Amino acid sequence: MHHTLEVRDLHFTYPDGRAALRGVDLFVAPGEKVALVGPNGAGKSTLILHLNGILRGQGEVRVCSLPMEDTNLGRIRASVGVVFQDPDDQLFSPSVGDDVAFGPLYMGLPGDEVERRVSSALAAVGMPEAGGRVSHHLSGGEKKRVAIASVLSMEPEILVLDEPTAGLDPRGRRGLIRLLAALPQTMLVSTHDLRMVGELFARTVVLDQGKVVVDGPTAELMADAALLAAHGLEA
Amino acid sequence: MHLHLADRYRVGTSPVHRLDPRVKILLVLTYILGLTLAAPGAWASYAAFLAVILTAAGLSGLGFAYALRRSYVAVPFVLAAAALPFTVRGPTLSALPVLGWPVSELGLVLFLSIGLRTWLAVQAAILLTATTAFPDLLWGLGALKVPPALVAVVGLMYRYLFLAGDEALRMMRARQARAAALPGARPPPVVWQARVAGRMIGSLFLRAIERSERVYGAMLARGYDGRTRSLIHFQMSARDWAALAAGVLLAAGCLGLQGAT
Amino acid sequence: MPASPAHLHIPDGFLSPAVAALGWVIATVVLALAFRQTGRQLGDRMVPMMGVLAAFIFAAQAINFPVAAGTSGHLIGAALAAIVLGPWASLVVMTVVVGTQALLFQDGGLIALGWNIVNMGALAAFGGYAAHRAVIRLTGDHRPARLGAAFAAAWVSVEAGAVATSFELAASGTTDINLALPAMASVHALIGIGEGLLTLAALTILMAARPELLRQEEEAGGRGQALFVLTAVALTLLLALAVPLASSNPDGLQAVAQAQGFSDLARAIWAGPAANYLVPGVGDPARATIAAVGLGTLIVCGVAIGLGRLSRRGSRTAG
């Protein structure tokens, strides 16, 4: 069966000695929408950084059947669109349009194709007129949308988002949830927002202390209060 | 919550706004070069240069006085030249009332010329940034063969300037909030103050380094390979070429008026 | 954005075209080298690192501390950057800051930008770096020595830029070197003390949180090249500016100009703002200040070295 993401027995220890991942297994099939939850320090962000090769640990990581090797990094990064927690870290170009164009540009696409992708990505996140704006004038919710657009423009096979609703006010959060519901891509979303998980994601993976402790239907997990509490979660 | 770092760009659709950024950059450089080449005391030239910049300001839709009002930034440094009227040897004009220092005509002419030129040059630069969005300005510099790595670094710096400025502002406000002074107490010594400020700077430095690592990760995630790439944003139109030619001719004309004083 | 009050940013109109052009030539060469070197040092990290750190320096320059009677001190940052990142990276960062200050905030001219980059970038970064290396080499790299070296680096970086600026202005005929040099050197000797205190304190934070950063810099290569460039820049500067100053024979200049039938324009290009006028030569006050600045540099570095050595001896006997 073709998997978009395959992680087998992944181990990773930070240079300062902190063991962040202690044997993680994860398989995501095309079209799935999966939530990744767990307490702070569980290793969620670390795991995400392994999915596009920014961190390299021991074990096997494959993206769209490509093994995580230097020669595949370009294609892998085009296939996995990672949206990090702090949009300010990802909006690093002088204008919004430049940021959304960055990905396709570095993929080597011709100018008019890049422009087309920029327009459609901005439209997909509901900000079609934002191309000329400067990032620091955007609101928190708008920045998150542009960050998502900057990754959509690469037309990845899977979207990986790290804490997308963190720091948003209720309106911004609702808007983002609506956006995620509308996007057709395969998704892996790391979050503390269990109410959003219940709304959007049929499958939930619980990571705790660097290992996967639960991997199954969201409904089952939400019904098990003891299990939630054991891993620092609250429905 | 911005630390004086207001965007200098004023949105507009005037003919000046719509000029290719390369043309605007070249025009400003030509203007300033022309100013620099004008000899001291060439009042007719300076008047012509002033007329040019006022016309440009008018054409930009920002009003004649726009650049004028903001040109006071030049003032402090002009004081550096303030000694000239008193030190340059030559026929004296008069003497200062109280101090009795002789004021030489040549020195005065020199001082006024320098002041005028600085003032005019600053206005030209102000107009440039007011009519050109910074991303476009950067693109223009890159298109004019400024090395791409440099342009990329400036672009990134610009983007994070406001964030860094906000962080600094928040730190200073936090410091203020803890800077209670009881009546009668002596203010803390300068060295201690410097140490506090220095530690704030050290913290900011740390945060910047960590942020730069995250930004690097985000760039890698979108396929960054170390080379700078950008889209072509502007094409030169006939109007752009005409404006460029006109500007060069005007500058030459203003210079040519030197002998007319 | 209020400028760093050291205010070495020369506006347009103050430098003669010849002097300004020389500044651009030096700036271009040094910058090209710096980018190549920094690219080698940082690889594809260069753009994000230099960009974000330039933004940091900009913001750090806004942090103030009260000095006296309502005035405040600010950081310039070239020395701090040079100690943590190396002189080449510091030059890149300071160039971006100075260039943006000129372009966006009209703090410093566009034609004068060449020299502003050299003064506040190259001379500040390399002067500071050289002082730092010198002190460390003569005292060892234990903590008090590092702090002393940092102070010396900061002071020298400020003073170097100030001295150079006054020479550039004088060579353009904008000021009398005998006034400008003592004035700028003395004011910046004080500013340098502030820079030293700030740099020192900032470094203590960095040493505590990320000591490996500083160790990385120590071990990085390119040291010989750095000093070579510093010397080359300094020598070029001195030579190039000494020429117009030495030719403080204005009558000679006039005579030549008239004899060759130079137009006003050509004369303006050569002698700049002082065309047709008398250019005061290097007199005693200027020479005295040069000597004072040299002495001051030796004192600052010497004190740092002495304290460093004493503390090392002290820790040895105590240990």
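In this document, chain identifiers A, B and C correspond to the written order of the chains, with residue numbering beginning at 1 in each.
One rule holds for everything that comes next: a residue touches a chain if its C-beta (ideal position, glycine included) is under 8 Å from a C-beta of that chain, and two chains touch if they have at least 3 such contacts.
A quick note: this is a predicted structure, and the numbers were derived from the prediction, not measured.
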Of all chain pairs, the one with the most contacts is B-C
Farthest-lying chain, centroid of Cα atoms versus that of chain B:
A
Cα centre of chain B to Cα centre of chain C, whole Å, reads 20
Based only on mean CA positions, could you tell me how far chain A sits from chain B in angstrom?
41
Roughly how many whole angstrom separate the Cα centroids of chain A and chain C?
46
Quick check on chain A: which residues sit in contact with 2+ other chains?
92
Mind pulling the chain B residues that touch 2 or more other chains?
134, 155-156, 158-160, 163, 211, 215, 219, 224-225
List, in ascending order, every residue of chain C touching at least 2 other chains.
48, 51
Residues of chain B defined as touching chain C within the complex
3-5, 8, 28-29, 32-33, 35-40, 42, 70-71, 73-74, 76-78, 80-81, 83-84, 87-90, 106-107, 110, 113-118, 120-122, 125-126, 129, 134, 137, 147, 149-150, 152-161, 163-165, 167-169, 171-172, 187, 190-191, 193-209, 211-212, 215-216, 219, 224-226, 228, 255, 258-259
If we count contacts the way the header does, which residues on chain A are in touch with chain B in the complex?
49, 52-54, 74, 77-78, 80, 82, 84, 86, 88-95, 98, 101-103, 105-107, 111, 114-115, 132, 134-136, 150-151, 154
Complex interface listing, chain B residues touching chain A:
7, 133-135, 138, 155-156, 158-160, 162-163, 211, 214-215, 217-225, 229-232
Please give the residue numbers of chain C that touch chain B in the complex, ascending.
1-2, 7, 9-17, 20, 31-32, 35, 39, 43-56, 58-60, 62-68, 73, 75, 80, 84, 92, 95-97, 99-100, 102-107, 109-111, 169, 173-176, 179-180, 194, 197-206, 209-210, 213, 264-265, 267-269, 272-278, 280
